[in-house]
Structures are given as structure tokens and as C-alpha cells.
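As C-alpha cells, here come the structures.
In the two assemblies presented below, chain A is common to both, partnered first by chain B and then by chain C.
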Partner chain A sequence: MIGGVMLQFDFFAWLAGIPDWILGVLKWIYGIFSYVFHWIFNVFTWIWTTIFIPKNFMFLFRAVIFPGLIFVVMALIWAVWFTRKLWGRIQDRRGPLHMGKYGGLQLFADAIKLIGKETIIPDKAKRWMFRFLPGLLLVIVLLPFAFIPWDTVSAVDGGWAISDLNVSLVLAFAFLTAVPVIALLAGWVSGSKYTLIGGFRAANNQFAAEIPMIISTIGCAFLARSLSIFDISMAQSSLWFAILLPINLATFLVAAIASVGVFPFDAPVADSEIIFGWRTEYTGIYFTLTYFAEFAEQMLYSALIVALFLGGPNGLPFLPGPVNFIIKFLITFFFFVLVSSSFQRLRQDQIVYFCWKYLLPLAVLNVIVIMFAVVYLPGLMLPLLGVG
Partner chain B sequence: MGFFSVLGDCFQILKHTFRQVFKRPFTYFYPFEDRIYPERTRGRHIHVRENCTACAQCVRICPVVAIRMDKEDKMYEKDCALYFDYTRCIFCGLCVQACRFEALFHTPVVDLSEGDRDDLIYGPDKIETLDRDPLKWRGRRFR
Partner chain C sequence: MSPDILDGSMDIWFGPQHVSAHGWATKLTLVGDYIVECDPNAGYFHRSAEKVLEFKNFRQGPLVLERMCMLEAFLAEYPYVAAVEKIAELEIPERAKVMRTIMMEMSRIHSIQFWWGQFNAELGFFTMALWPWVDREYSLDVFEELTGSRHTVSFSTPGGVKYDFTEKVMTQLNRAIDRFEDRLVKFKDMQLGSPTFRARTENIGLYDVKQGLKWGLSGPPIKACGVPMDLRKDDPDPNLAYDMVDFDVPITENPEHPGQSDAFDRMEQRFAEAETAVSIIKQLIPQIPEGDIVDPKARGKANRLPEGEAYARVEGTRGITSVWLKTEEKGQTAYRAKIRGPCIASYYALKDLVPGSKFADFIVIFGSLDPYPGWWDR
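Then we have the complex of A and B:
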């Protein structure tokens, strides 16, 4: 450098280094993005590989598609149509018939109408709970379907049954007990006297019906020596419990109807007394959810009756388990609707008197009779149960 | 035995509703299927032009002056055209009784409603035949 001092800062070298610097920054940014991308991609890969292990895939398929959620919701839509058609027939009418073949699309039309309606939330309602409860109700009613034994082969062995616990009967009843609690809560948070009265009536129904219902299932649990719904239905491979426990079948059916709160125990939604009971203030999609939940509960009780008393998936040996189950389920649901459309509405005190004075002793009676039979006639009973 | 009699009643009711499921509904799916009317129902008229002699007895007997006659409109030797005003007609049947030549009858067709009042005056084109225009509603055709 002539006549000058060497600069400590070499400007041209700095200038020449800029592209490298920019490249470094870009690499750094690229590194961050690629890290995040690979992280997400690995999550997807993990899910993908996990699902496509056949066992896992079949579990997902069972839980979501066939005996699981989508099947149950489709069956629910069918059940609403079937119920309305059957009510129409019993009352010398025709039921829905304009939408689709034999009115099959009526429910979709109704659902579109209801979803399209304005959602009105009363001023006095507790808004958050008011919005939350109908969805919770439907979820709680749909969850116990996971324990319904659809197939003679258990879930572990790759059958169509979704899942099973060794206390699934108790768990199913625990879920079902929460339903009137939600009705009472919904009646409370709606902030209207009719909904509150309806909610307390729902609680009253449950108070009346729950104990006969649970005692009706004790006989099945005794005979199968298990609290798992799957084991109970498997214990009926040689003899259905309906033959040993016919009175318990009847008491369970009646108590289930009382617990759901359809006719003749529809005091919670008695539309000629309290406008629509605890569902009065619900409109639009929330009403749709409660309406679906009612039918889902009826279906659930029908499925429980089939699993506990009518042999579950045991039946005609040449048919697969789910087909046997579904045939029996359809017949049971038919009788459910038939019974619930035959009688007039009972008063509150009549419901309680009826359930406590007649259903409860009858349920206990059958359990006691079958206990004595097992103890004193073991030579007759134990081979029937497939034990001896 | 109160309990057992009540139980018996319950099963009676269930039997009834169970039978009811398999019975035909009482309602008719009206525009698509009509109920069967008796043969002698006094519904809308039909005018048989071949037998008509233009004697005007139907016009003369009609208590509500619902029939008008047009003697100029001839298809055969001595017939005439009849115009029935179904806004006036009371379906008393006197015109059919008055007709000696078997040219005027009632039919069992009773669903006469129209969208327009003038369409209820049945001219010779409508009164001489039972055919009518198909009705279209919501994209479906019936009648």
C-alpha cells in the first residue's frame, strides 16, 4: 500500500464475503424449516406406520367405521326413520313418505332444517354450559357402544367387537347414569321454569328406574360370573339368559324405557304439560343433538338387552357374529318402539310407585329364583350354563 | 289379583298395537292414489253427444241455472253443446233424471278443484270426456 495505512477493515474482502454470509443465513433458515418439516413429517410417518400395522389398522377401522362411530350414527339415522314409520303404522298413518323412497331421506331434510335454524340462547341461560351440554350428552350416549359385543371373537383376537373391559357393564351403567344428570343440568342452566321442572322429572325417572334396571342385570352377571358385557354374552353360547331370566328381561326393558324417558315414561318432556321439558329452550343444532341422543340411548339399551339376555352375537351358527347381533338388535328395537308407543303417559308418583313396587321386587324375585336353582339343582343348571 | 289383571290389560294393548303394525294405514296418499268412490256417486257429469237430442230438459229442470246450451254447435244430426258451470252446480242429479235419451250421466269423479274460476265452467271439450290434463306439482306428475 503506497502512501497509506493498511486498513484493519478490508472493505473489498468484506464485500467479497457478503454472498457467503447470505448463503449462511439462508442455510440457517433452511435448517430451521427442514427441522420443523422433518419433525412433522416424522410424526406423520410414525402415525402412518403405526396405522398400517394390520392389527392397528383394524382397530381403527372397527372403532371408526364398522361397528364403531360411523356405523352407529348410520344406524341412528335409520332408527329415527324406523321409529317414525312404526309410530305412523301403529296410529293408522303412513309416517314420513315424501323425501326419498318411503321417506328415507326425511331425517336428512329435518336435520338440514334444524341446523339451518337460528340458535337462540335465552338471556337467563348460562351460556357456556348451555352450549356444551347437548354435545356432551351425545358423546356420553355414544361412548358405551364401544363395549357392545358385536362378534363372538373378542377384539384382541381380531374379531369385530370393538373393545372390552372386565368391568364394562358397570362402566356402561356409569355413562348411562350421567344422562339424566345432564338433563337436570341442562334444565337448570336454561334458566326457564319448564326446563327446570323437566330436568327434575328426568332425575325422578332415573331415581325410579335405575335400581330395577341394574338389579335386572345382576342375574346375568351372576350366571356369567363376570361383569364384562363381552363375557356375559359369550356365556350364553349354549343357552340364552332370556330363558333363565325372562322376568328380568321384561323388567330391564321397562326400566330402560323409563330411564330413556320415552312413552309411557315421557314425563321429562311431557309436551302437553311442560312445553318440551328440559329441552324447551334448545333450538337448532342443539335440539338436533338432544333428539339424536334420545334415539341413541334407545338403541344402546336395545343393544344391551341383546348382549345381556338374547345371547349377543351367538345365534344361527352359519351367520357371522355381527349379522346375528344386528338381526336380534332390530327385533329388540322393534319391541322397544312397540312398547313405548302403546301406553299413555304415567304421572310422576305413578312412575316411582310402579318402578319401586313392581319392577324392583320382580327383578329381585327372578335373581333369587335363579340363585336357588343354581344351588339346589346344580345337575340341571350347570350343564345349561356350560360349566359342569 | 289387581296386578295380574293390569298385566293382562298391558298384554292386550301390546297385542293390539302389534297387530296394528301390519295393518294398512287408513289414510290415502291422495294425489297419487284416490279412494274408490261408489258407482252411483254424483260427481261431475259426462255428456254423450251421440244420444243427445237438444231437448233442453236438463237446462229447464236445473234449479241453480248451472247448464247453458249452445244449439249452433252440432256434431251429429240434432245434438247440442252443453256448458256446465261447476261454481253453481249443486250435484242434485235432476238433470240426469230429466234426460230421457241417456245422454247425461254423473261420474264418480269428485276432485274438481282448479286454480282458476273460469276453468270450473266445463265446456264441450271437457264435459264430453273423462280425460284431463295431468297435474304437475313439485316436479312430479300425477292424475
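Then we have the complex of A and C:
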């Protein structure tokens, strides 16, 4: 390049520069990856350290393992076994027998079988909603378990009750109201006449049962002066509300059975009439999810009955709160199964008639009676409630 | 009905894939929750039994008949046997007559036990479905011990019966009857006293005698209206032993709607039928005479029948079951056999009976008439 500007392309200089160029590119890529990696690593570190602060770790343990998700799912598996065994005993049979001790592993065998089955989606079904709804149903049914007061001490103070809101009762019912809506939607998107009828029957059941059920809980909320399930169960430390509101306990139990839609209120899934109602077209894993959701809903209502009427975790003082709660929970669930195996199925108009003509006035009557008692017999009532 | 009501209608096929439709398909037209049209369709259970009978000899024929309705196998095979006996002019030993009657009544009990459980399952009460089915096992034990088969018994044969009552059969028979008689009282109380059962069945599927006779109903569906129409009394078969026992025709009269029957009455009628059957068996067991169980010459006589035709019928669990048989000279098989089961009438009665009722009540009406598809697809 003597005496002027070298405009010509210097091939050899270019050739000599290639390794530098490759190195630069590699450094650039490495920089991106290392940045992302460090970012992720830092996030993990942050989560890790946050979790393993003892308080946080215990909260997560409660939410995920006990008495949260894993425990509830294990209890669900137990509930299915228990229901089948009890049904068998009532019906002069032996129930599940061969898988595991006393047929205890039968549900796992059934679940594996069901999951292994072919998933058939009808041509007329709305495919994505059809796939999405069973999972959503199970999630919605499992969510209110977060508000169940398993212990007399809340998680914030180191107890076993997972979480609470000052309106958790309302929120739990809000979740539960969505269940028949999903049933109706599932019946609608399945694209079959039987599922459509079943979906509308599920909506009909909720229409019949929801108002008596919610009015049955008004008495508890009044007496505890709170809408929080935790506070309601804490207000029963001296006296269970079942003693003051016995009719409401009965109406809540019956309305809960009607709302779940098991026998004798199983018009939504009446197998002799509409095959399997809104669940007709579900097969394999989707059927398993809806099947589990039904049992989860029964368990949730049993837990709500214990929390609202049977003192929640209050009970034998020498036992820890969760143990007290679970004992009462098992007994309540036993009654659920017992009632559901003892009657002929009601027609859907008879369900509405029954719920509105008998359950609703009875529920209101009990609330009115107890309110009059609080107003006119304060000397008797207020010490019972631990007030004044 | 004005056409605009039918604009919003929905056709539903109840069967043949439906879980509670085992071998039948009924097309229902719904407006809202009400059925406005019901179209029963026979033919989904067709096994061409009448044609098969033209290729089977006269000792094989009962085997086809008992497969028409395996729940009442002893009763189902009898009309064919009786028709053959009429043409061949066979003499039946006294012992075989009594044994046939006992087993036919046992078959009636078994059929009612099964129907009873099935009806409760259709009503959504599986507990009450399984309790009668436990008793049914005891009835089936008798059949198995006697004939070696639980359902396809092939007991009656032209000229008598095939299997003799042994000591063990009698023990099991007594056990089944005693157990059922004991449980019947409790079950009747539980079933008819249940408020949910009353709610589901009272005034459901209501018809009167006139309608019932127009449709051609017989047996429990018409006896539930209070009509004592029973072949055991009206036309006693000389080859059966109903003249040896003292019984009344079981009828159900409901004072709330005299001359009519609803699903509840028909359930009550089945209880009365079972009670009568138990009492007949209990009266017959001490009266079983000694002797042959089959006419020794019957086998040869039934090989080739003379030309002739015969009509035989029996009061089955579900109504009058009849067979008309025509034979040619020295025929080894029937020239033509015509089976008339009771359920063709009760199935097609749904066409007039069901419209106007709710969709959920369809299976209650259907179940209370107790149609068995084998009897209408021949």
C-alpha cells in the first residue's frame, strides 16, 4: 500500500482476521448465555433462599404436602376406596378385594387402567374446551381446600391451617358455584344430546340446592360474627354450632349432597336415563379427572360441615388440631356415603321441589329461631358463645 | 298437536347403545323435558328363533325356546313342549307334572327377583338392586344343582322332565324358598314404604283395564289393574299340577285409582306374584308323588310326529306365553312354529303410554312393564 489508498480487497488480511472474528462471535454468544444463566441462577437462588427461611418453608410444606395438595389427593384416593368398600358392605357385597390389602390399591389399578384407555373425542365436540374442562373442574374443586381450618393455629403463627381470608366462606361458595357451570359447559361442548341434558340437569341441581345450602351457613356466620371459615371454627371452641343449629346441619348436608349430584340426587349423571349425563363422552384420563372431582367435592363439603358446624379443629384437647379435624371429617364423610346409598333417585323437578319446599324454609327457620334466642335470651346464649 | 310445538323438539334414540337399553331401541321425541312421541322399534335382538325351530327336532326345540327369555327358562320352554305333547298325544307321569310346576314357579320367582333388582337399578338405587340378587343366587343354585346350568336349563322334554329331584336339590330348593319368604316381607316393607320410591312411581305410567286389554297386555301389567286374568285358574293345563294346590289369583287393587295401574301398583303386583309362587311351591313340595319322571315311550314318539297342529300357552312371569306348532306327516321338525311372547304387547304399549310423561319417567314406565327383548324379536 505504497503511495496511495489501497482500495483493493486484501484477501490475506481478511483470512488472517477470521479466527478473531469467530472468537468474537463465540464470546458474544457466551455472553448471552452466561447472562441468561446467571439471571436464572439468581432467580433460583432467590427462590431457594426464600423457601428455606424456616417460616416460608413450613408454609410451602403445608400448602403442598400436608395438609395441602398431596394430603388432599391421598385423602381423595382413600375416599374412593372407602366409598366403594362401604357401598359394597351395605349392598351385601365385599367391595374391592384383590389389589393390595383389603383392596386398598384398587384405585391405583383403576386409574392406570383408565389412563391407559383410548381418549375418544367426538367429532361434534369443541376439542379444546372438551380437553380443558375436566382439569379445570378438578382444580376448582381442590382450590377451596386452602381455606379449610385444619388447626386451631393459623400458618402465620406456626400452625397447620394453610391460609385464610376474612371472606373465605363466600369465596369457597364462589368456587363451588363454578362447578355445575363447568358441568353445563362440558355437556354443551361434548356435542351429544345426552350430555346436553345432563349438563342442564347439573345446572338444575345447583339451582335447587345452592340457596338452601348458603342460607344454612348464615347462622354460623352470624353467631361467629365473621365470614371467615377459620374464625367460624374458632368461635366454636366452647360450643359446637351443631348444637345451636342442628336443622341447619341437616339441611346443609342434604343440600351438599344435592349439589354434588350423587345418589339420590344424581339426576345429572343418571345412568339409566341419560347414560352418564354430562360425563358420557369423557373417556380415559378425562373421565378419571371428572370422577376424582366428584369425590373431591364430596370431601370438600364434608370438610366444610366439620369447619362450620362440628367445631373444626376444636375437640379433644389432648389431640392436635388436625387429628381432631380429620376424625370428624371421616365421620362426616361416612354419613355422606350412607345417605347416598339409601334412596331411589329423585326426578329433577322433584329435587327442586324438595330443596325449595322443605330445605329452604327449614334452613331459614333455624336461623330465625337462633337469632330470636340471641336477642331475647341473652343471658343464656351469650355465655354459650363465649361473648360478654 | 300443533306443528310449531314440534319445531323445538329433539329426537333421542334410547338404545341400542344405551346402557339401560340392552337389545332394544326406542326413538323418543322430546319437547323440553316432556316426551311427545315414542316410537318403539323391534328388531335389534332378532335371532330368528321361529326359523331355527324349523330345523331342530322336537327334543331340541325347547332349547331354542328357553333362550328366548333366559330369566324364565322353565316357563319359556314349556309351551313348545306342551304343543309337541298335544300333537304326539303323550302321557305325562304324575311326578313330572308336579316337578314341572314347582320349577316353573321357581323360575317365576327367579325372574321376579331379577326384574326387581333391575327396576331398582333403573330407579337409581343400586343397594336395593343387589339385595334381591343375593336371593337370586340361591334360586340359581337350585337350577344348577338340578340341571347343571344356571340359565339354559332344558328341563322339560316331551313326555316328562329330564332331571330328577335329588336329596341335595330338595335341600337347596327349601333353603331358597325359606330364605326368600323370610326376606320378601322385609323387602316389601322397605320397597313400598320408601318415600323416594313412592315419589318416583306413583301415578307414573297410569292406564286402565280397557287400554291394557286394547294393547293386548297380560300377566302382571293387567293383573295390577285388578283383573284376575290368570291362565293358572282360567285354563288349567292338564299336564301341570295347579289343580293340586289352593291359591288365589294375585291381583292388586289400588283404592286411589280403581281399575287403573301405575308403576307402584305393578311393583306391588310383583310382590303378590312372588308370594303366590312361594305358597304354590310350599304346597307342592310335600305332594311330589313317586314314580317315573318321563314316559319311556316318549322319546320314540317324539322322534316323528303325526300331521297336526297345536296351540299351547302358559302364564309366564310377564304374561301369556304361547306357541303354535304345525307338523307334517312323519315330520322330524316343525313345519312352522309361531311364538307369541307377552312382551311384544307391553313394548308397543309404550307408543300410547309414554307420550306426555317426563323424560326421566320413561325408564320407570318401561321397567314397570318389564318387557324382555327376546320376547318380541323372534
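Note that in this section the second predicted complex is superposed on the first by the 355 of 388 C-alpha atoms of A that agree within 3 Å, B and C clash if a C-alpha of one lies under 4 Å from a C-alpha of the other, contacts with A are read in each partner's own complex, and residues count from 1 in each chain.
One rule holds for everything that comes next: contacts are C-beta pairs under 8 Å (C-beta built on N, C-alpha and C of every residue); 3 or more make two chains touch, one makes a residue touch a chain.
Treat the numbers as computed from the prediction; the structure is a model and nothing was measured.
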Touching partner for A:358 - first (chain B), second (chain C), both, neither: first
Which superposed partner A:97 touches (first chain B, second chain C, both, neither): first
Greater residue coverage of chain A in the superposed arrangement, chain B or chain C: C
First, second, both or neither for A:244, with chain B first and chain C second: neither
Chain B versus chain C as contact partner of A:133, first or second or both or neither: neither
Chain B versus chain C as contact partner of A:89, first or second or both or neither: first
Chain B versus chain C as contact partner of A:300, first or second or both or neither: neither
Which superposed partner A:341 touches (first chain B, second chain C, both, neither): both
Touched partner set for A:385, first chain B, second chain C, both or neither: neither
Doubly contacted residues of chain A, that is, touched by chain B and again by chain C: 90-93, 341-343
Contacting residues of chain B [partner chain A, same complex]: 3, 10, 13-14, 16-18, 20-21, 23, 25-27, 29
In the complex with chain A, residue positions of chain C that touch it: 10, 12, 18-20, 33, 120-131, 134, 194, 196-197, 199-200, 358-363
Interfacial residue positions of chain A with respect to chain B in the complex: 86, 88-94, 97, 338-339, 341-343, 358
Touch list for chain A against partner chain C, complex: 87, 90-93, 193-194, 197, 263-264, 266-267, 270-273, 275-276, 341-350
